[in-house]
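Below is one structure. I have some questions about it.
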């Protein structure tokens, strides 16, 4: 097989070489929201959805998804995560059309050669999808929104915080 | 083991019994957006990101994720999907701070006993996460937003369309 | 490549051909127990373990595992499960050395060509393992015991019930 | 989104932070039994089951399952296992109703921040489930029993051995 | 978001819509070879490799891989396989440099809307990779070769046989 | 359970203990070919296959498969890969019956206790299978051939290169 030509490589996906980076402590915090009807949020807060405990199920789904990030996101490096937390917040008091959201906040940590932003964002998305799934029988119009990185620490690029 | 008590079941997660439902043709269409800096969108449109082809990689990631929805979302039923398409749109002309988004539109179909909303939403989220991953070296502040169901057809509840 | 000899096939693993069997409604019920110290059971009943909600987590883990049975058990056929329920029981009143067990009862159903015994047993085992994991910091001596099929219905072999 | 309230966290599942623990050599040994009719055990010992080699298949299934523990058990940390062995024992001589069991003994090792008890127990359970699957056509009443940790070494809590 | 432009679709990956195809009985047979030193083949035939039973392990790996084809090959449809067999052949008599190969023959069947060629080819490749893994300590120069479809039956395109 | 006999262990699969090996930089390069009709290669080179971009899809599939090697190959150790590249070559000029092949070259790296040969070979096979899948509608007779290790570096056995 003589005279082989490398297929033109511009634009080709590649998994970046991180082999020469040191193992350092990495943290990423991501957040997102699931917006819904006030009645749906009320059912979630009372744990009264027919499919069961929305937030407990979403928390487990998010934690499991963080661990499978490298299977889902093609160019992510596999990392041995050391900590995953998925938490939920809402506005106190009665839900109204303007504040009927569950906010999701996810923290992921590792000792590794590359950051865990994708793990935190993936956990947040899958937790949000699970909340949708638990409530969709009563509210198909829910939306998942504002999924973004809040903060990262560790590695060569150091600390990064989202502008508020 | 006498006098067993069922643990109180209120609020417990359960995978709904769909065994008595007929197999019908089901379609779901979902959409979402990844918002970014205009410069980042320009790089994606020119296929000039260092990590490679963002949309091609996101499309494959979304298609693969649709097929793994029942592994990710705890109470989803496994379904033999017959069609998955992940498409992208953007506003024509130059990207500005107000329109620097990639829109993702996902269609999933099956012949089955339950709908494919979660499959369409999951593919959309994972495609969005992949776009974030491809571009995060130049734009950590990107956000994934407005992930929602546009339309579903098939099954007892029939057709549903999102209000525009 | 002449004179090929089939490698001797006695004892070789094979996935049985079920292609000519009709799709029928299949049900399997399995059960098992996790035995522990009375103090550990008390912590589970009060949802006071440091790692969090043992039974809620075990229920989700069991449901997810049922869907992945064909990936774990080499010769199991993949099946589109239509119903999965994982429930827990314990003896009423104070836990003592003789009755400090959580009993797990799992029901799985499908419309398919082969039974769902393995799915019900796998969900039971993984729910039991999860309870162990949640409580192991306080009780490494817990044991998982009496995992067995209680009942199956559907298919050519019809109904089967365990002797009590 | 002002005045956000953290959802009450008592009882919530969390993946413990092990980031500050050193990597040390960890070993766990677990065991379990599959009890069956004497005739079934005779078929396994002669490698004469219709589905094929029960123990060879169970060994592979157990080894593969150990590597997937963190996908199955929600709060387990992913670990790079360095050694997995799944072995089988039975009572010498003719099988009788009292001794018709296959005993499974699994050893798992890693260099890591947390122990491998769950990996050893998971491999044992999946090997046991596979033996059930291979033999269920002739013996649906088999039971999986006495799955427990025998021994662990390494880490801050040091050595632990089951009471005999 | 007005004036959206569909990203140009030429060359974009898509999972073909098979929803309107009937479920029919599908069969695919694939084959392949692992070529090695005569001494390596002798060790395999005597089951004397240090890592253990090469063919038994390869058979299980191939069967499991067939069931995961849709996870590995991006545009494959998920299918409920009804039969998987992985068999091995070699030339009778002493192995020489010219005939030191293990031949793998894989048969996969389903009742479904699309063929199972990819499942048969994937099982063959993973069985071949497993044989390589079992023997690589003694023979790193082994090659996997002539992986191809031998025959397919069922579906609109009907029967196809490889030219010999 | 007295007088237990270890099942005879000759020929039993075992995952080799690598716990005492140091973490070193490991590289493996593997290659393989997909041979096809000249017309099929022409369609791939023009990115004109109906299913879409064959090489872009195969590259992603190969990268993802490298990360899942330990799930597919039973006795492989899980490794945190630090670099994966999948590249393609073909003979310049017009394709003829003699040179109508896509050559795949895969490089995998890690810092770990054991080599990454299987990861490089697995990525190569899955990329090849994906090319087959993309083109099979026009060319069922394609074959996957000459999958082999080209080079490995790192670890106790040091450097190895295939004879040309």
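The letters A, B, C, D, E and F name the chains in turn, as written, and every chain counts its residues from 1.
Going forward, contacts are C-beta pairs under 8 Å (C-beta built on N, C-alpha and C of every residue); 3 or more make two chains touch, one makes a residue touch a chain.
Please read these numbers as outputs of a predicted model, since none were measured by experiment.
J.: Chains touching chain C and chain D alike, please list them.
T.: A, E
J.: Please give the intersection of the contact partners of chain D with those of chain F.
T.: Joint contacts, listed by label: A, E.
J.: Test of understanding: which option in A-B, D-F or B-F shares over half of the contact pairs of C-D, residue numbers taken as the match?
T.: Going through A-B, D-F or B-F one by one, only A-B repeats the C-D interface.
J.: Which chain is most remote from chain B in terms of Cα centres?
T.: Chain centre farthest from chain B's centre: D.
J.: Any idea if chain A and chain C meet via the same residues, over half in common, or different ones?
T.: Comparing the two copies, chain A and chain C contact each other through largely the same residue numbers, since over half are shared.
J.: Report the inter-chain centroid distance for chain C and chain E in whole angstrom, where each centroid is the mean of the CA atoms.
T.: 30
J.: Please report how many Å separate the Cα centroid of chain D from that of chain E, as a whole number.
T.: Measuring from centre to centre gives 30 Å for this pair.
J.: Can you check how far apart chain A and chain E are, centre to centre, with Cα atoms defining each centre and the answer in Å?
T.: Averaging C-alpha atoms per chain gives centres 35 Å apart.
J.: Where the centres are mean C-alpha positions, what is the separation of chain E from chain F, in Å?
T.: 14
J.: Would you give the residues of chain F that are in contact with at least 2 other chains, written as numbers and ranges?
T.: Each of 12-14, 16, 53, 56-57, 60-61, 64, 68, 74-75, 80 in chain F touches at least two other chains.
J.: Mind giving me all the chain pairs that touch?
T.: Touching chain pairs, listed by label, come out as A-B, A-C, A-D, A-F, B-C, B-E, B-F, C-D, C-E, D-E, D-F, E-F.
J.: Flag every residue of chain B that touches chain F in the complex, lowest number first.
T.: Touching chain F from chain B are residues 53, 56-57, 60-61, 64.
J.: How about chain F: which of its residues touch chain E in the complex?
T.: Its residues touching chain E are 10-14, 16, 32, 47-48, 50-53, 56-57, 60-61, 64-65, 68, 72-76, 117-118, 121-122, 125-126, 128-130, 132-134, 136, 140-149, 152, 160, 162-163.
J.: Can you tell me which positions in chain E touch chain B when the two form their complex?
T.: 1-7, 9, 12-19, 70-71, 74-75, 77-80, 112-113
J.: If we count contacts the way the header does, which residues on chain D are in touch with chain F in the complex?
T.: Interface residues on the chain D side: 25, 33, 55-56, 59-60, 63-64, 67-68, 80-85, 87-93, 99, 101, 103, 109-111.
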